[in-house]
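Down below are the structures I want you to see.
In what follows, subunit A forms one complex with subunit B and a second complex with subunit C.
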Partner chain A sequence: MRRKQSRWPNHGSEKIQATLYGIASLAVLLLLWIAATSLFGWIGARILPSPFAVISRFADLLIDPFGGSTLLGHASGSLERWSLGVVAAVLLGIPIGVSFAWMPWFRAVVNPVFEVLRYIPPFAWVPIAILWFGVSTMTQASVVFIAAFPAIVINSQLGVQQVDRILLNAARVYGAGSLKTLKRVVMPVAAPSIYTGIRIAISNGWMALVGAELVVGKNGLGFLISQGQNNDSVSTIFVGIISIGALGILIDTIVHRSEAILLPWRKKLAKAESS
Partner chain B sequence: MTGDRKTPILELRNITKWFGREGDGILAVDDCTVKVKKGEFICVVGPSGCGKSTLLTIAAGLEKPTRGEVLVDGRPAGPPGPKRCVVFQKFALFPSETVAQNIKFGLQMTRVGAAEQEKRLAEQLAIMGLEQFRNAYPSELSGGMQQRVAIARALVMRPEILLMDEPFGALDAQTRTILQEEIQRLHKEQHYTVLFITHSVEEAVYLGERVIVMTRRPGRIKREIVLPRDVAWKQGDIEAAAEHPEFIAARREIWALVREEIVAR
Partner chain C sequence: MRRFNASRAFLISLAACVGWVLLWAWVTGAGGPVSKLMFPSPEAVFHRFLRMWTRPYLGSTLSWHIYSSLSIVLAGWILGGIVGVPLGIAMAWWKKLKWIVFPVFQLLRPVPPLAWIPLTLVWMGIGDPARITVVFIAALVPWLMNSMQSVYSVDKLLIDAGRTLGANDRQILTRIVCRTALPTLVAGARIALGNAWTTLIAAELLAATAGLGYVALNASRMLDTDVLLVAMLLIGILGGLLSVAIQLATHVLAPWSLRQSGEE
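Our next item is the complex of A and B:
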């Protein structure tokens, strides 16, 4: 029986294939979109604007302010509030998550509070945030924090918990105390897990931010969408949505790629596992 | 007491280990006493699950015995540390560090000076044949190379006692043979004190000057067989040794003892 001969027999080309499939499917979607709106008018312009309308609105918004700022003004405002919340979540979340795993007494004391707060959805905090911070950057940044924090804590904790005991034993035998073990052995091994936590937290935070901006505030991509809605400008809404999606992908890609730089041994581990 | 040639450098005295509650859980080791003199190479063999690895973990200080004590140079051993270096079956190399960093780990933890660190590192890399892997990560190395790094990590500390927990158990047969001979040669040159756990009777006969046979769980000392290290057949490689009648007799005797324990009810 003849094996089906692949035209592209090696590893790297599988990636190219996958990318081409991806591009192809997006292209098909785009064509359908054009067909449904401009070409055949299957869907009305008030429900789904054509891609051309969206692009044109996009260009407008780059130059003319709408709802107080240009597109870039809204985007940078969103990014600013989002990064405040995420940085706070990272700075607080990693030590707390690591401590949960490393110091059982700490976990016993703090975890119950954490567990209770974690199940409250970020949006439920919006009224409290408004109460405490008024209409300001802090309001939305705090919502981002609430959304991002749990993922970082949990993944940091898991990362430390999953470090093989034998490594801890080896560290002890070769003279490392608790802190040195944590720093040189545990944290590097837990880092990929923590990174995953950061990636999840980032996207949770981004989505929570947009939601918060829909409800409160005077700037941002979420606010842009609500202004589009108030002014009956569907294309504005779509510009907002696409910008949000694009920025989200961009941020995630940056975080994902930076892992390879910051954790060089991980790549080698992956290579070894796949060979 | 210190340095007294009569005092064993390592003594496991009446070691008993219960996992779970005493009397109610699992009795892994039952009243074992092992005395190791300075420079001796002691092998412990026994059926799987007999508690020999537990004994080694206790010797290292990584586990506390339920009863009994571990003495180094006649004094209570205390927590684990670089005086009793361990080579683990699963290597236990730090994956985020290079070969050089792994080997230097213990030196850095004990605040050895940088120049001395480099000197000893270079020594070990040469001895274990690791020079070209200095900056490699463990995941890039074969099992045999990784274990060499683990051995180097231990030897670089110039430990008083070297504890080896089935160190070649995870390696292929060829690498095992080569490393057995290397350990034999190193021991001859440097006279480390070694407590070596294995389930391979051949390995124990070739390497050990005393072979301690344990019973099945709960592990007790069944028999001790003396095989002086200066016999002719231990000076060469293991295939030549394996053809010598004394080797064959010792292997037969020890294997019979172990087999008894495997099939015993």
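Our next item is the complex of A and C:
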């Protein structure tokens, strides 16, 4: 890893240059957008609204309800359903993943079903979720759950499998029971991998939620976009897309940052491995 | 943590499979606790599957729905490769191009590909182009990122060593650059195809006149649970087959990459 970096250097001055190029490129794009829409009107507002129209639409949506609630209402509705599905996936996925690794017979029994279901993409579950739960919070939360669950199970299993056999034997020699070994020896080693699983699950879940809300629902950012489509309001679609992207980044940043706080030993571990 | 040998685990899995199907049959069968309107029995799914090949459902037979889904996935995926691979390699080669294009990508990447569906529908209407565009967007990112990465993964030391030992440019390209770069590229192709398939299913739920996602959504609205399950299982199986096909292609084109990426 380290050698690779030195071969493709990223010196300070080059970084500044790259940033400048990036800013320039984005600025040119923005200017082109303005020129094409509000300045010369090459492209009609029904196809591509000007950036100013999008901003003013954004401000409107913050105050005026559209499709039943304001932008914040849609966002909080989405977040609620998303967290419901993700929390359920975490609560169920970690024990199942750990027992996959801990009890091979359990894995042998459950894995065929798990593998078959895993190959079906989360969105393919939307129709059957509608059938089972109707148009309700449960429909979307269950789709989020299905999108989030496999990543947690697989990474929990991988994490537990990483545990050094010698450590387990040592724990047994010192008289630790099964449960104590799990808590004191296995979990600290497996935690980083489980955390990675949760992180993947969180972003998969967010994507699936958007898809589910586009198809079915009465509220949420995905619903806002589909309402924009039905009302031929491209600026609303833009506001929805931007909000979804921004919230996605925000969630991922929070999860990424909190890792250092929740799992302080991971950094030390990584350092010990690389030296 | 007890270890099982592989054959024993396989036997248990096999027995478990039979057990699961029997459980399914019992639960959904006559007098079972689950109604046919909620979940069909395995026989019903199987019969429906056979019937759908000859009798049209929603205007087309099963083979046409499958063809419709697969052709759009492949079109979007190939387009993604045609744009993504050269662009990725060029971005790795010319730093300035990367500096210009990459920020735009970083800006667009957090948006789930699905969120583009309504926009493409407004722009292009309900037709194949809208769905191909969305699939293209979903496939483009992995194609591009891995092509870029594959250039970086080529070890300069190896090239220098090759040159010292008297290899000419062609040998360096075929024996060193391609060999080290292909595994990353192939991995990108596989991720791109997986993304494309997932995204297409979502796109078909929203706007389509044929395809497995379209069948699934309509079956759920008409309470045809057996059709719904046929469509879901086929979506899963075809997704699996696509990934197997890529693995096979990798075996033929770049057998060393399988060993390198540590897959069986």
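Basically, the second predicted complex is superposed on the first by the 221 of 275 C-alpha atoms of A that agree within 3 Å, B and C clash if a C-alpha of one lies under 4 Å from a C-alpha of the other, contacts with A are read in each partner's own complex, and residues count from 1 in each chain.
Operating definition for what follows: contacts are C-beta pairs under 8 Å (C-beta built on N, C-alpha and C of every residue); 3 or more make two chains touch, one makes a residue touch a chain.
It should be emphasised that the depicted structure is a prediction, and the values quoted were computed from it without experimental measurement.
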Which partner reaches more residues of subunit A (counting touched residues only), subunit B or subunit C: C
First (subunit B), second (subunit C), both or neither touched by A:134: neither
Which superposed partner A:65 touches (first subunit B, second subunit C, both, neither): neither
Which superposed partner A:228 touches (first subunit B, second subunit C, both, neither): second
Subunit B versus subunit C as contact partner of A:185, first or second or both or neither: first
Which of subunit B and subunit C A:95 touches, first, second, both or neither: neither
Which superposed partner A:174 touches (first subunit B, second subunit C, both, neither): first
Contacts of A:41 with subunit B and subunit C, given as first, second, both or neither: neither
Subunit B and subunit C contact sites that coincide on subunit A, given as residue numbers: none
Interface residues, subunit A side, partner subunit C - complex: 4, 7-8, 14, 17-18, 21-26, 29, 47, 101-105, 107-113, 116-117, 119-128, 130-132, 160, 163, 165, 168, 206-207, 210-211, 214-215, 222, 225-226, 228-229, 232, 234, 237-238, 240-242, 244-246, 248-249, 252
Subunit A residues touching subunit B - in the complex, by the definition given at the top: 164, 166-167, 169-176, 180, 184-185, 188-189, 191, 263, 265, 268-269, 271-273
Touching residues on subunit B, where the partner in the complex is subunit A: 60, 62, 79-82, 84-86, 88, 90, 92-97, 105-106, 109-110, 137, 139-140, 153, 157
In the complex, subunit C residues that touch subunit A: 1-4, 8-10, 12-13, 16-17, 19-20, 38, 95-96, 98-104, 107-108, 110-112, 114-119, 121-123, 152, 156, 197-198, 201-202, 205-206, 212-213, 216-217, 219-221, 223, 225, 228-229, 231-233, 235-237, 239-240
